[in-house]
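There are structures below to look over.
First subunit A sits with subunit B, and in the next complex the same chain sits with subunit C.
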Partner chain A sequence: MLAVFKREFLSYFKNPTGYVAIALYSFLAGYIFVNKFAGGTVNLSSEIISMRSYFLIIVPIITMGLFAEDKRRGTDIIYYTSPVSIFSVVLGKFLAAMSLFFIMFLNVFAHMFVTASYGGVVDVGTWGSVIVYFFLAALFVSIGIFASSITDTQIISAIVSFVILLSITAIDRFASNISSSLASIFSSFGLSSEKVNTICEKAEKAVNWLNPITKTSGFRSGIFSVAPLVFCFSTTLVFLFLTYRVLEKKRWAQ
Partner chain B sequence: MIQINNLVKYYGDKKAVNGISFSVNKGEVLGFLGPNGAGKSTTMNIITGYLSSTSGTVKVNGHDILEEPEEAKKCIGYLPEIPPLYTDMTVLEYLRFICDIKGVDKSKRKEMLARILAMVRIVDVSDRMIGNLSKGYKQRVGIAQALVGDPEILILDEPTVGLDPNQILEIRKLIRSLAKNHTVILSSHILSEVQAVCDRVVIINKGRVAAIDTITDLAKRLSGTSKMLLAFKGPVKAVCSSLHSIPGVNSVNTRISDNEIHEVEIGINNNTSGDIRSSIFFTMAKGGWPILEFRSLDPTLEEIFLSITNGV
Partner chain C sequence: MSSNNNIAKKPANKSAGNKKDQTSIKRDQRNLNLKLFSIGSIVLLIAIVLVVNIIFDSLIGDKLTFDFSSTGQNSITSVSEDYIKSLPSDTDIRIVGLFDEPTDLTGSPLEYMVPLLNDYQAKSGGRITVEYINPTTHPSIMQELDPNGLYDLKADIYAVEYNGKIKTIVPLDCFSYDETTYYQTGGLRPISNSVESRFTNAIMSLVNGYAGKVYFVTNLNESYGHLMLSQILEGIGYESEDLPAADSFAVPSDCSLLVISGINSDLSENMAQQIITYINQGGKVIVAIDFMYNYATDYTNLNAVLEVMNLKIDSNLVMEQDTSYLYNSSNPLESKVTIASDYTVYNPSVTYLRSSLNRSVTTAGNPASYITVAPVLQTSDKAGLTDISGQAPTIISGTTGQYNIGMHSEFSDAKGQEMYVFGTLNFTSDYYIGQYGTTDSNVVFIRNIISDMLDAGDTIIVDSKPIADYSLDEDKLSNDKSTLMRTVFMVVIPLAMVICGVIVYNKRKNL
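Coming up: the complex of A and B.
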């Protein structure tokens, strides 16, 4: 696992990917921070949450090559024919991508340090946002890795993970769309508006249950709970496990 | 060392490997010969654990590749058809990475890498990016990769494909030197290559084993049908009939024939006593027909296939 981690992590810096990702991140985070800082009111939680929207672009870019490129080059054969388990390979690549995330996030730590040294607010809510940030990053990276394992073309991998990530960030909009269309259907059946309302509320809630973003929204105001973190963590594991199965399937394909 | 028992592999409806069985003894160099698409690479991929078989078993050093994959894979160094190289690493970085993946002891690493680099002669390029190396060097790095961890068995899939003649000779020399300490399986579709390095040959065709034999026995099998090429000036019909009358000549076929120069293929039965070549020469001399070219035709792989598949 460590060997794979080391290789993948270093390979981010053998081509422009790692540098571009870090530079872009530093620029965007720095821009947000400096603007707020100049205005005199720094809100680190909202900075961290804004940086989460950067996931949509950065995750596909840093994960697309992880397995797709190995398959294209034929280097995946190294892992299949060596005495290592494929799951440890998956974990190694996952950790490499996460480490790049951590390096990018050092920007925000610097901003936190500056804010604190100027007497600004670095409170429980800020730390809550940091925790959520990493759990969501892990979840999104695992989806990106999964997308990379199902194809041997980097671009297709990037598109697939972009579409999945985009749908996750739009779950709340899906939910309200579904509930409003359900409302129009049920009211045409002549149900009382009270019943229609409860049905729609429940439907919206059910769809939104899948949303890791609303689940973890309490953290920024300092309301910590374990359930959302378990949700993110286990979904991450599910995607890593799926990746592992996809890779193993290649061996067994008939 | 390796026991392969009734291996079958389907790709969809296509049967790529159809009941292959053979075994490889310790210290032997086994040639794995067959035309393109015969199932060579598939079989090698199954032996190394890259693919699974549909049915049948592979045992490496007594370890089943599916039941104890890690133990079995430790004994094998594999050079696939396309060397699995990370082009963005230097040779040394890449080999260190392979050491990590194969779990080579840190204390042995330095000495082993130095030995491998010297053996495959890539010391000069060890700090260069793999992507910038020539094809021959890449192939050597691929062989170096297979040697990491000192596996007892080396499996080389068409190691000389796409190399220039000098490089081919060097790689063959390298394989022969490796054969001293390793059991080697080498696949190829070039007969002379297998002849040059292998002790024993497995010929497969359409997913089946067509023949398993030593090179000398294989040559004997073919000896009944060896051929000579003769180019001469003179009347074709008269020459052909007098050639026919030489004892031991089975057939005379005209290959090329223009006004003056003719080329015939003479089928020879090698079991007759005496050297037929001198009889042919004297026959031609007696008739006053000048010989322009006279040589034996090496059997091509296709001819071996024909003779083997027709003979069995």
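Coming up: the complex of A and C.
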């Protein structure tokens, strides 16, 4: 696994991908920070949680080539012939992407340093936001890796992961639409409007329960909850396992 | 021969074909098994993850939620927690937000309410439940909460219900706001958060009932509101109600205490007479008037009321000249005032209190033997009355001396008439209490005075919480530094990375 990790991590810096990702992240994170800094108030927890929206752009960039490129070149055969297990390959690539994420996040550590040196607040709530941000990053990177494993074209991989991530960030809207659709269906059965509303609200709540964005928004105001972290961690495992299964499929689906 | 050969070969081919078929079937079977195993393991893992998360969320999610905010805005204090846990375990208090449960709290007052109410529920041991029911989609909730239409229930507020009794809480009323910002821009900038205080007081008043009622005289151009003082009164078991100035003004018979705070217009003669009647019947009054430049009122009728208790409030501004009494040497209008020795019992931990825009309080030349008058708060002996007609306030010649900024008067008869008069609003106004919080020395002082006046006994006081302040040090900030940060974080670092990327690309493109 270490060998895979090392190879993948270094490969980010042997082509422009890693540099472009860092440059982009630095610019976007800097944009939020500098605007707050110029205004004289910097709420780092809020800044960090706001940066979740950048996953949509950054994650596809850093994960699109992880498996798709190997498949395109045909070098994915190594996964099946080398003595390392496929799950170790998946994990190695995942850790490489997360390490790149950590390097990008050094920008935010710099923001924290500047804020502290200008008399701003860097408290335990800020560190709580940093922790949840990495858990969210892990979840989104695992989705990106999964998207990369199901295709042999980097662009398609990037598009698939973008669409999945976009869908996740729009779960609340889907939930609302599902609720409206259910309302019209149940109304046609002659149920009372209050009963229909109750059912729809419960359905909306159930769909929204799957939304990692909503689950983690409390960290913005200093709430540190373990449940969202467990959710992100376990969902990350699911996507890594799905990736493993997609790759493993080649052994028997021919 | 050939036919014989064919006959001889046929069984061999058949046998080879069978083997091939069998291998193929075995392989298909193996692939099918692997496929089923793969799908099964994925479904199993997803099911396990869902179950684990649901169980975790519902069973221990609340217990593993911590408030890391610098102001403690998301969790209840031990005062509220202890009170709630002291209630019988079968107590059933229902807090209903009359709106949809919000999913995005950012920038809304609910950011300070929803997590805190979750904490109430989590720490109440089942005594408190919190729900969100939108009356637009569930109209029956109004009937369910208030079947007789006794309460002013409407959408977008919280209703706290206990045994059929209801207290309503409007989210925006749970904060005090910077009055300067409001007057300058019309915007609401919260400066303190009393959400916990409001809810705990509401629960207390529903469970324990009120010991009495305090009336605030209003509609006389008051400088500031009295919401914070009302909350303090609620904490000591007293309900508050406004008593607007009107031709038909009368002090209600259930008035335990009358507060006249921050009025900038004088009482009418009728109002003064009604208040005098109230005092003569054993009434208790607190008066607080400061010096506002725009309203340099003499308060003739108010002074007629005070005269009954041998007190008088002066029309001049008192300015402190002893620099050791000033908080800021450039602002002589805000100064320390000494607590008179008989009144240090109301806040033994301090010697001075903070006072601003002071008027002096004096005796009124009504030396009846049954009236006892005493100073409560005093300036240094270097203070003076001020002439504000010029560009800068100046001390009027010959007025230097010690002034009383607060005085107390009581009758010695059995009716218990009592009055405190303050020449500052630093004890009663939302502006002050909101800014300094309910643990401030001035606030503790006035709270203990009121408790003593009303004989309130044990009280539960939930302090207001400050609003988190993320400001940077203004002395260190400048436009140049903002530009520097913008250049470093948005230009230098990204550009350096792009250049590195281009160099790497050029060096490795032919490899």
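We adopt the following convention: the second predicted complex is superposed on the first by the 247 of 254 C-alpha atoms of A that agree within 3 Å, B and C clash if a C-alpha of one lies under 4 Å from a C-alpha of the other, contacts with A are read in each partner's own complex, and residues count from 1 in each chain.
Keep this in mind: a contact is a pair of C-beta atoms (placed from the backbone, for glycine too) under 8 Å apart; a residue touches a chain by one contact, two chains touch by 3 or more.
The structure displayed is predicted, hence computed values, not measured ones.
Asks: Which chain, subunit B or subunit C, ends up touching more residues of subunit A in the combined arrangement?
Replies: In the superposed model, C touches more residues of subunit A.
Asks: Between subunit B and subunit C, whom does A:P83 touch in the aligned arrangement: first, second, both, or neither?
Replies: first
Asks: Looking at A:K6, would you say it contacts subunit B, subunit C, both, or neither? Reply first, second, both or neither.
Replies: After superposing on A, A:K6 lies in contact with subunit B but is clear of subunit C.
Asks: Contact-wise, after the overlay, does A:G30 reach subunit B, subunit C, both or neither (first, second, both, neither)?
Replies: So A:G30 only meets subunit C here.
Asks: Examine A:S99 and indicate which partner it touches, taking first as subunit B and second as subunit C; both and neither are also allowed.
Replies: After superposing on A, A:S99 lies clear of both subunit B and subunit C.
Asks: Applying the document's definition of touch, where does A:W252 land relative to subunit B and subunit C: first, second, both, or neither?
Replies: In the superposed model, A:W252 contacts both subunit B and subunit C.
Asks: Could you say whether A:K14 touches subunit B, subunit C, both of them, or neither, answering first, second, both or neither?
Replies: both
Asks: Determine, under the contact definition given at the top, whether A:R73 touches first (subunit B), second (subunit C), both, or neither.
Replies: In the superposed model, A:R73 contacts subunit B only, not subunit C.
Asks: Looking at the overlay, does A:T198 come into contact with subunit B only (first), subunit C only (second), both, or neither?
Replies: Second partner only, subunit C.
Asks: What residues on subunit A does subunit C touch that subunit B touches too?
Replies: Residues 14-15, 251-252 of subunit A touch both subunit B and subunit C.
Asks: Of all residues in subunit A, which touch subunit B in the complex?
Replies: Touching subunit B: residues 2-4, 6-7, 11, 14-15, 73-84, 251-252, 254 of subunit A.
Asks: Which residues of subunit B touch subunit A in the complex?
Replies: Subunit B residues touching subunit A: 10-12, 48-52, 54, 69-71, 73-74, 76, 78, 80, 82, 84-89, 97-98, 100-103, 145.
Asks: Within their complex, state which residues of subunit A touch subunit C.
Replies: Residue list for subunit A touching subunit C: 13-16, 18-20, 22-24, 26-27, 29-31, 33-34, 37-38, 40-44, 46, 107, 110-111, 114-115, 118-121, 123-125, 128, 172, 193-194, 197-198, 201, 205, 208-209, 214, 217-218, 220-227, 230-231, 234-235, 237-238, 241-242, 245, 248-249, 251-253.
Asks: Enumerate the contact residues on subunit C facing subunit A in the complex.
Replies: 30-31, 34-35, 38, 41-42, 45-46, 49, 52-53, 56-57, 61, 64-70, 73-74, 100-101, 103-106, 111-112, 115, 137-140, 468-474, 476-477, 482, 485-486, 488-490, 493-498, 500-502, 504-505, 508
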